[in-house]
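See the structures that follow.
In what comes next, chain A is part of two complexes: it sits with chain B in the first one and with chain C in the second one.
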Partner chain A sequence: MPKAVKVALLLTPALGLVMVMMSLVIWRAVAQSFGLHNFNGEDVLSLRHWTEMLGTRRYWNALQWSAYVATTSSLITLAIAYPLALWLRKPFAGSFLLSALIKAPYFVPGLVAVFLLLNVIAYHGIVNQALMWVGLTDRPIRLQNDRNGYGLIALQVWKQLPLAFLLLQGAVQAIPDPVLNAARDLGAGSVARFRKVVLPLTARAMQAASILIFIGVAGDFTFQATVGPTRENSLATLMVQYQGVSYGDWNAAAVVGVTLMGLSLVGAVGFTALVQVATRIAERA
Partner chain B sequence: MMLARLNTLLAGLLAAVLVLWLLVPFAMALLWSLVDPGTPWSYPDVLPPALSFQRWVLMWETTTLSTAMLNSYTLAPVAAITAILLAAPTAYAFGRIDFPGKGIAQVVTLTPLVLPGFVTAVFFASILVSFGVYSRYGAILLGHVVLFIPYAVRILTVSFAQVNQEVINAARDLGASPLGVFRAAFWPVLKPGVLASFLIVFILSIEEFALAFIVGSPSFTTIPTILFSYLGYDFIRPNAAVVALILVVPNVMLMLFLERLLQSANPANLSGKG
Partner chain C sequence: MPAIDIEGVAMRFGDVDALKNVSLHVPEGAFVTLLGPSGCGKTTLLNIIAGFLAPSRGRVLFDRQDVTGIRPEARDTAMCFQSYALFPHLSVQDNIAFGPRQKRVPKTEVSARVGDLIRQMGLAPHAAKLPNALSGGQQQRVALARALAVAPGVVLFDEPLSNLDAKLRDQVRGEIRDLQRRVGFTAVYVTHDQAEALAMSDTVFLLNGGVIEQSGSPREIYFRPRTRFVADFIGAANLQDGAIAGGAMQTPFGPIPVDAADAARRTICWRPEVVRLSDVGALSGRVAHVAFQGGWLDLFVTAGDQTLRLQVPGTHDIPDGAEIRFDVARDAVVVLEDEPHA
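Let's look at the complex of A and B:
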């Protein structure tokens, strides 16, 4: 059997299946957003669903909200994970336990995380009691579904931190000691070593981490639907509302879905560029 | 000396924070699940006045929890075995054959991981409507296989690459049949990878929410969809506590087992998120 045929046959069951299913799904979303596969009438190729959607406030609010939560969560997560990874580069007494504790939320399903948070921030929950005990407030504050989405962002960071930490820890630990020692021998102080050695060598891990966090948070439905501000929608919750029983408008849902894919792409490209530029500036400064 | 002290202090502080953000929430979940239905736990009681397993019994007898568990635990192993069987040939090609475009092919295999889960779920459901597929079990099974096959491919690729060509040759030279070669040269090396793939797909399938919710609801429930219903409009804290623990405890144990299995491997590699 020719090698090409053999390889093709071997790739079909997994790669073939993934390619067929994922291209069907993506095609379906794009096609429905332009009026094809219309369940509520004739299939007409048109921009109508897009123009209608672009005229609604709900759409723009959801896009803005998803972009805001995803960007903020990614930046905060990286800002916490990176110093932790650097600090835990060299093992010391207890560092293994610390790493394990940081990674633990990775094992907790999102919905369970929501429940854990809801208990902690309940009206008479531990956070409110602590706030009252410290004297920051006289009476319990409504923390659930807070208007600014602080609970939502905190939960996203809690959930995404392990992944960022894992990726960054891998990159930081892969820096060979001789490289750092050589830099030191050549007279580089700790700041210079960080800027010229550590940062460039970990830039790819930072890009990977920020992209994955951004995409994960931008597409969030569960956290927004349970702990997010009730007056906001994420793109995913808006999409499900349009598709769900109350509207049954698949074409509108498709417009939102395609927007969400676009936002993920923009976020991925944006964070890749941001990390690259930041690294370069730090190297030169 | 100063620095070492500072380090110890920092580590202690961080450990305290982490215990607070893991131990306290889980302890509260456990307490809430054990609140006796007859004597509610309310402010200002610091601890529940009476503890019992009554809530667990009630949940089992009066809600659809048992059906949801049956659904979840029959979906997950089938999804895992199907994913492994389909992933193996592709992983063999990735791990043992050099061909042009391999890098691209490997990246394309990961697409289910980067597409937003709810977009996949909604438009997968849309395709099901068009094709008139009404089997919820079959649909969610197919969805889970597609979503999680990248993990199996990724892990098995590493396993196949580790199989020693010289052992294969030796087995052949000694006259082993293809099955004999597989048993002597391949299986011992593949076994941990197969087990790891099974576990990761199993765990992810049990936890998967988007597809099960969009495709399955309202008729077909899984453990995550039932938990979501208790977190939403009818928020019943003790019920949610029971379901949350049923969802998280077995999976954490399996995950710890998986970690041990892949001790040397970086979990970031394993999950394909590297």
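Let's look at the complex of A and C:
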């Protein structure tokens, strides 16, 4: 038997299953968005579902909102996780406990996290009571379901921070001390060491973290439905609305689903490019 | 090319004294080696000279200027690390150019320096490669070129050859020494390999337990060890305890001539290769084992409860069990300063 055939056969049980499962899901969503695999009638290949969806304001609002929340959450999460990872690179008294606390949200299921946050930001929650107690406000302010989505973004950051921290901490700790000492020895101060050594060597972890966070947040349903602004939809909540009892329109839901996949792809490419450009600028500055 | 002075340097890590009141002088342009076993404090001392560690006590001076409080990036030093510590994301030429760029050397001069070093080190075919595409020897050359690119007055070597195979180690050892003479810099070299220290150094500082046990030229350290530790650490040595009377130590092999006053109990040391086989030799013993080493034979000779190691040219044909006679010259025997073992 030719070697290539043997290798293909050996890989088929694992790789084949993964590829079939993935491509089936993607194909099904794409096909439904063009009127095929129709649950509600005849299969008709058509651009109708796309043209109708692209003509609705709520679709564009949802796309814009998902992109905004995903991008903002990713950037804020990285901005918090990166300095933390650098700070905790070397162990010190209490650093283990601090690392464990940062990773703790990873073990909290999404809905439980929402419940915890509601206790904090609800109309009569801890934050409002504290604000009134110190005299910053006379009456409770709206933090839950706020129109700018600050509560939603805060919850996303809280939930995604452990993932970013784990990836960045691994990358930062993988930089050998002698490499940093060599840079120092050759005249690089702390800023130059960060720009020319630490940043380039952790860029891939930063790309991975930002992409995973972006995709996770862009596709989120739970947080948006519970603490997101009531007048805004994310692509995920919009998809469920089209697919669910409100409309029962699987083809429209598929259009939104395919858009969500597209947004994830754009986000992944965008963050990859952003980190690369930022690293190059930092290295040359 | 500064001279270096270490004055009363001590370093404490928790409850451990890594260095205890160490003082030494490195003349301008000299090649000195800090030699010693693992944990003796040699790398700690090197890191203090580089500025990576601040001593618990004492001072570091370059040309009599106190640099103890000066950060590593502002010192006139460059280090070659044991692990090479090349920047993995930069090409060979960018690694070499890193230092001059940091020190704001004009671009044309950076290019010239990098080009010269790449040529000198034979790295031209690898200039655009990343470090992970190079062999250990090539990486070592890049590390050396990177250190020299900043034209440092002092180059610090932290066991730079320990990851190379024996043949390459010999070659790079020669290259480093040659480069040091040609370029001109003060070199402080850390190693636990006594052969490396003897072959390369103007002066060897042998450290043990955080103190300098002995310093001197390689010949002095080898042929005139002062303590049992030095004698034992540097090369092979025959150490014998006993009484000295009438200019000789009585041993089961016979009287070994010693240039020392009578004493009840002392330790003498002599090197295996100083022995001279002779049918009329004053010393005798039975060959318990012969190990052929190519250029020489190691003879393990016994008498009474003692065993000596003798080295004779490999052309000799001496079987196990042979009775041999030999002499040891008086000036080849050293009486050690420390107390004999009980």
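In this section, the second predicted complex is superposed on the first by the 271 of 285 C-alpha atoms of A that agree within 3 Å, B and C clash if a C-alpha of one lies under 4 Å from a C-alpha of the other, contacts with A are read in each partner's own complex, and residues count from 1 in each chain.
Following the convention adopted for this analysis, a contact is a pair of C-beta atoms (placed from the backbone, for glycine too) under 8 Å apart; a residue touches a chain by one contact, two chains touch by 3 or more.
On a predicted model such as this, the values are computed, not experimentally measured, just so you know.
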First, second, both or neither for A:39, with chain B first and chain C second: first
Touching partner for A:10 - first (chain B), second (chain C), both, neither: first
Contacts of A:188 with chain B and chain C, given as first, second, both or neither: second
Touched partner set for A:178, first chain B, second chain C, both or neither: second
Contacts of A:108 with chain B and chain C, given as first, second, both or neither: first
Contacts of A:206 with chain B and chain C, given as first, second, both or neither: neither
Chain A: partner with more touched residues, chain B or chain C: B
First (chain B), second (chain C), both or neither touched by A:197: second
Of all residues in chain A, those that touch chain C in their complex: 176, 178-179, 181-189, 192, 196-197, 200-201
Of all residues in chain C, those that touch chain A in their complex: 50, 52, 71-74, 77-79, 81-83, 85-89, 98-99, 102-103, 146, 150
Chain B-touching residues of chain A, taken from the complex the two chains share: 3-4, 6-7, 9-15, 17-19, 21-22, 24-26, 28-29, 32, 37, 39, 87, 92-95, 97-98, 101-112, 114-120, 123-124, 126, 158, 163, 166-167, 170, 208, 212, 215, 218-219, 221-222, 225-226, 236, 239-240, 243, 250, 253-254, 257, 260-261, 264
Chain A-facing residues of chain B, complex: 7-8, 10-11, 14-15, 18-19, 21-22, 24-26, 28-29, 32, 42-44, 85-93, 97, 99, 105, 108-109, 111-112, 114-120, 122-127, 129-130, 142, 145-146, 149-150, 152-153, 207, 209-210, 214, 224, 227-228, 231-232, 235, 237, 240-241, 244, 247-248, 251-252, 255-256, 266-268, 273-274
